[in-house]
Structures are given as structure tokens and as C-alpha cells.
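So, here come the structures, one by one.
Across the two complexes that follow, subunit A remains constant while its partner is subunit B and subsequently subunit C.
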Partner chain A sequence: MGGKVVTITSGKGGVGKTTTTANIGVALARLNQKVVLIDADIGLRNLDIVMGLENRIVYDLVDVVEGRCKPRQAMIKHKSFPELYLIPAAQTRDKTAVSPADMIQLTDTLRTEFDFIIIDSPAGIERGFRNAVAPADEVLIVTNPEVSAVRDADRVIGLLEAENKGPGQLILNRAKQDMIRKGEMLSPEDVTDLLAIKLIGIVPEDELVIPSSNSGIPVTLNDNSKAGEAFRNIARRLMGEDVPLTPLTESKGLFKRIARLFAGG
Partner chain B sequence: MPNLFDRVFGRSAPPGSKKSGNMAKERLQFVLIHDRIHLPPEKLDAMKREILAVISKYVSIDNDHVDIALQQRDRNSLLIAEIPFLKTNEGIEEEESNIKTDDDL
Partner chain C sequence: MSEQTVAIKGVKDGLLVTVSETEDWQIIVKDLAARIDHQSSFFNGARITLDVGSRPVRKDELSSLKAMLERRNISLWSLMSDSATSIEAASALDLRTALITASANPDNPDAVAFNPEEDGTIGVMIRRTLRSGRTVHSNGHVVVYGDVNPGAEIIAMGDVIVWGRLRGNVHAGSDGDESAVICALDMTPTQIRIAGYISIPPKDKRHKPKPEIASIRDRQIVVVTWG
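Right, the complex of A and B next:
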């Protein structure tokens, strides 16, 4: 069967699906994997700009599906990783331009050549979501520690279970250690208790993420980034390596706590 | 009141206020249970009343100690009911006579 198809989805928009897709793709490429990313958010193309590949697009996903070009012709090679490619979304069409069967057919072709085919799903639970999930061997659900994102993640997990694609694994994105410590944010334990699925990664909130998107260089290439490290660990776990989850609420040290206590907080 | 030990180890909530993280978890626990089985709280209450009405036709129920609630086991939902009966013979006889009148109608 060859390569593995991994779909990244969330239900709610704006939780960091595209950033996650770009970073996991780059992290896998850095581990010498052959990777192709597919932007399945037809009509709202954006994985290309996060990856820094927006100026090289000739053909897109709909061109491939409708037979105007070969998959190879629509694949944009990454500047730094010769084995990392992107198939961009079409901008002038909508979700109905592609069917779940089209996605299965395309990924079956790509499986023979690549180790990982990573699909960036659109938000929502409609046609675009079904297209993205149809060919998946594994589904990663991205959520944030917020009531709206967790509720939507639960809904998506339910839909995945109903389609025998579930329950999938969870990526908790934008966790803020200081807020969790103060009890003002759902902790990773709270979220896994609620959703009852396995956690594949906890990505801390990191101010380096937006500058890296600004420059089109995914943050996982920055060795000083905590979020980048979390994405590298997720990539290793996807490859079957047993990388323990590093607890986010790591001890700040007894002295700091005492100092905080005497500072009145 | 949290003691000094708890504060040093960062384990306590400040007195008098419930942390919003816990509120989020409790609210989600409640809403997810209903989302998963597509049964809003009012409908669940109506179902409970109907279940109790059916049982009451046959046995006297100790209504003060009834506990019917949805529970989660992993991602599966189940209804757990604890419905104790009244011990008094009088109560049961009364209920039986009610059934007879229902049948007569």
C-alpha cells in the first residue's frame, strides 16, 4: 500500500490546521521522508503562503482531478527540501469540484511515490471535510483549549467514528502554560478527559509562529521554538517512534513559586 | 482556606472564586454528553418522567432518592438509573388499585 495518508482537521476554523500541516510536513521532510501536502480547502487557498510557495503555482488540485494536468505538474517542490511537495487548492472553484472518490484515487497514485500524503482539511463538517477525510489512514484533530474548539472537535470525532475513520488522535494547539497553571485555561488532561481520545502532541503558544508564517518559513525549522519542537515530536510519533509527551505544566521550580507567593500572586 | 503548602506548590484555587478552567470543563462535560446522543436536556427530563411514570404503574417509587443520569465510558454514552422502591405495603396496594382503575377506563 506504500505511503500513509494523514488528514489534519478540526471542525472549528482558526485553530491552526494550516500551520500544523505545514510544520508537520516540513518536520517529516527533515526526517528524510518523502512528503506531499495537499491543500483541500478549495476556494480558500492558504497552505502555499504559509509554506512560502505562493509564487510558483501553475496548476492546482482541481486541475489534477479534472485531468488538465498530471499530479506531478501540480506539485510544487519546496525550496529547502527536494522531497517535499505541495499540491495547492484551487481558488476559483468550490468544494463540490472534488469528490471523496477523486481524493481516494489521487492519494492512491501518490502512495506509490511518497512516505506521507498530508491533507489540510477545510473547517466545517460538510463536503470539504468529507473529501479530506475519505482517503485518510490516520486523522489528526487540531483543537485549542477553548470551549468552542473542544466542542467542535468532539463533533468531528463523532463523525469520524461514524465513518469508521475514528477516533483519530488529538493535537492540542496554543496551550498557554501560565494560564493553565493559574487555572484559567483547560489543561491537556482536561481536554483528553473530555474528548476521550489519544493525544499525539501538545503545542505551546509561541510568539515565533506568526513571524515564521509572515516569512513563509514554518516555525519547526527554528530550533529555538517550543512550538517547533512540539511539531518535530509529532512528526516522529507519526513515524512510529515512541516519544514521550513532555508535560506542559513543567515545574517552574520551588523558588520561583515561593517568590511569586511573596510577590502576592 | 488554602494552606501555605498548597500555595507554594501551586495547587489551590483562591478562596471564594471558581477558576474559569474548571467552569469550562464542567460546562463542556454537560454539553458534550447531550451533543453526543442528540438529546437536549429538556427531552432527557421528559424521558426520565416517562420512565418513572411507567415504573410507578407497577411499583411505588421512592421519588426522593431517584437518580437517573447520562454517563460516559470512553466515548460511549449510557443511561444509568437508580430507582429505589418504597418499602411500605400500603403504597404498593394503592398503586395496584390505580392500575385497576386505569384498566377499567
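Right, the complex of A and C next:
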């Protein structure tokens, strides 16, 4: 069997699937794991941008599946981690260019060489989602602490259960402690109460995430980032380590801000 | 199409179909199907009582007839016979049964004796949580052993019992049965319907979960503590 296939999905768009994929990938690579990321969002590719590898693309996922190149040739090596690769999505095709069987076949060949194969699923529950989920050994569902995102996560979990892929584990992304305390945002308890699945990580809202994604350096490489720390913990939990969930802290106080100024953040 | 093999007449609670005691079963099924297809709008949604007289009907025979009817959106809900075989086949398929001429039943003289078996009505059991996007349709009752999440939907001709939290949509008595009820251990649905009535629960923020039952009283849906 070899490596483990982990699919990151959500149902709803914009909750942070791609950011999560990039950060967990980098965090695992930092823990000396051999990792390949696959962008399954054909036609709307952006994992390459977040990983800072956009200008190195020669071949893509569809080229591999249609036999125009070997998987190796489509794999872009990361700038800092020699054991971290990305297979980018095709930008000029659509989801039907790949089938669930193609994904299973591709990941089966990659399993022998890698510890983790991480698939970034597109939003939605149609073909692209089914492609991404078909080869998964483990599914991580990303959601935000808001009702619409949780509703979509519930739908996705139901579909995973129906295909015996699941229930999966939950990542609660973009949580804001001060809003939760005021009752303006769903708490982790509210979310797990409804979804009734295991929480593998709570990622706090962090202003460092967007500039990191824009510059192609995933935030988990920044040791001052709270979100980055949460992603590192998720990576350790994926490796089987027992890391307790850290409770959310209030958003940056004055002291923290000064500390960050000195750290040059 | 022969009048001799199948006779159909309207009765108080549906249609009574009397079939020949001697004709080949396959021909009966075929004839009945033809009669229905001839007037499909009249039969659509009907409830049939089948009178097979003293004819012994096996379970597989009855089951094929039932399937034929269901494909045409007709429910076979009850069987009349004085044959023990037929009655047994009908109970195996969860149909209501009635012995018509019990006293004249030579092969089972005990059939007139008091039957301790409670009749009951049919339903489906869902032994899991219904998540968003899942639906359950039933001609009978629905019991959910788990939660009904927002975005899930249950439509039942009978009652709906949720042994868990009801937060989705439920329609009980969907074919107009105003005596249908909805029960849940925690009743915080998106919307409930009973027969032709619709109710949206009040928005209270933090409430203590308690079992409640919804039913129709004075032409509106009323929810009260269950038990």
C-alpha cells in the first residue's frame, strides 16, 4: 500500500481548501515526509500560485492522465523542500478530462514513492469532487464557523458516508475567538455538535495567511503565525502523533503586537 | 381482457379487487395490469384490497402482484381470503389480512380463534443521522434513530418519529392524513408540515432539549411536550 492519500474538500468554495492543502503539505515536508500535492481543481487551478510554483509548470494532471507525460515529468519540485512535489491542474480543460478511475490509478503509482499524497478538491459535489475523493484513504473536510459552510460540510460528509469514504475529519478554519465569545460566530462545539465528526484541527483567523498565499510562501513556514502553528499540528496529527487541540486565544493584544514588531513581522 | 378473471369495485377504504379462484395467476396479474393501464389516472394512488376467495396464493405470487401495482403507484394494503396459505403469504408481506369465511375454512379450524397479534401499520426505520441533502420518502411511517440535520427531508404518509434532534424538514401525513404526528427528542426543525398545514418554529436562541410532539389541533399545528 505504501503512502497515504489524503483529500481536502469542503463542498462550499472559499473556505480555505487550497490554503489548507498547501500548508499541510509544507508542514509534512518539514517533518521529513515525502509529499506530493495534486491540484484536482481542473480549469480553476491555483494551488501552484499558493505554493509559489506557477512559473515552473510544464505538464499538468491532464497531461499525465492522457499519457502525454510520465507522472514524474508533471511533478514540480518545491524550491525549499526536495521531497515536496506538486502536480498542477490543467487550466484549459474541465473536470471531465479526468475520471475517478484515473485518479485511483495515478495515486496507486505514487503511493510506492511517497508518504503522503494530498489532493486539493474543487468546491462542489459534482465530478471534480468525486475525482478528488475516489482514491482517498482519509478525507479532511474544511469548514468555516458559519452556518452556510457547515451546511455544505454536512452534505459532503453524507456523500462520503454513502460511498464508504467516511465520515472524515474536520478542520475548522478561520475561527475568531472574540467573535465566538460574543456569540457572533459558531463555536467549535456548535460545529461538532451538528456534524458529529472528529475535529483534527482548529485554525484561527490570521492576517498573515493572505499575504503568504499571494507571495507563494505558505504561512506555516512563518513560525510567528498562529494559523501556521495550527497547520503544523494538523500535519503531526495526520502522522499519528497525539497532539491535543489548542484552545483558541483572543486576537492579538497590545503585548503580542509589540512582540511582533520586534520580530519584524 | 376478460371480465371473468378480475372484478374491481369501489369500497369505503379504496378499491376491492376480486380475482378468479381458478385462472392461472400470471394471467390474473396480466389482466389486472391491463385494466389498470387502461384507466391509469383513475387507479393512480389507489389503495387496493385483494379478495382471492379460497384460492391459495403463494408469497412469491402475491409479491409479484404487489410489485406490479407499486410500479403503477397503487398500494396493495390488504388481502381477504379463507385460505391459510394466502393469509400467511399476505402477513409475510406485511399486508393487512382478513379471513372472510373463517367458519367455512376446513383446513384451519382454529383460524377463528382470538388473534393476539397486534395489527400495526408499516414504516421504515433509518438507523443513522440524516445529513443535509438526504431524503426519505415513505408510504408509511418513518422512524429515525439519529438526528435529522438541516437540509435533510422526510416525507411520510404516516407519522414521523425522530429519536434524536430534528433540525431539517419533515412532512407527515403527506397524502392528507390530518391525524399524523411528528415526534422528536429535540424539536428544532427548519419547517414541519402535517397534511396541508405548515409550521415554522419560533426562533429561540438557547432552549433546553425536550421531547415534543406536533399534531393538528383546531386547524393548526401545535407542538407540546411529549409524554
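Basically, the second predicted complex is superposed on the first by the 248 of 265 C-alpha atoms of A that agree within 3 Å, B and C clash if a C-alpha of one lies under 4 Å from a C-alpha of the other, contacts with A are read in each partner's own complex, and residues count from 1 in each chain.
In this text, a contact is a pair of C-beta atoms (placed from the backbone, for glycine too) under 8 Å apart; a residue touches a chain by one contact, two chains touch by 3 or more.
All values reported here derive from a predicted model rather than from experimental measurement.
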item: Touched partner set for A:49, first subunit B, second subunit C, both or neither; value: neither
item: Which of subunit B and subunit C A:197 touches, first, second, both or neither; value: first
item: Larger contact residue set on subunit A - subunit B or subunit C; value: B
item: Which of subunit B and subunit C A:208 touches, first, second, both or neither; value: neither
item: Touched partner set for A:69, first subunit B, second subunit C, both or neither; value: neither
item: Touched partner set for A:159, first subunit B, second subunit C, both or neither; value: second
item: Which of subunit B and subunit C A:187 touches, first, second, both or neither; value: first
item: Shared subunit A contacts, counted only where both subunit B and subunit C touch the same residue; value: 151, 154-155, 157-158, 161, 194, 196
item: Partner subunit A, residues of subunit C touching it in the complex; value: 128-134, 147, 149-151, 167
item: Residue ranges of subunit B in contact with subunit A within the complex; value: 4, 7-10, 13, 19-22, 24-25, 27-29, 31-32, 35-36, 72, 74-75
item: For the subunit A and subunit C complex, residues of the former touching the latter; value: 151-152, 154-155, 157-159, 161, 194, 196
item: Of subunit A, residues touching subunit B in the complex; value: 146-147, 150-151, 154-155, 157-158, 161, 167, 179-187, 190, 193-194, 196-197, 252, 254, 257-258, 261
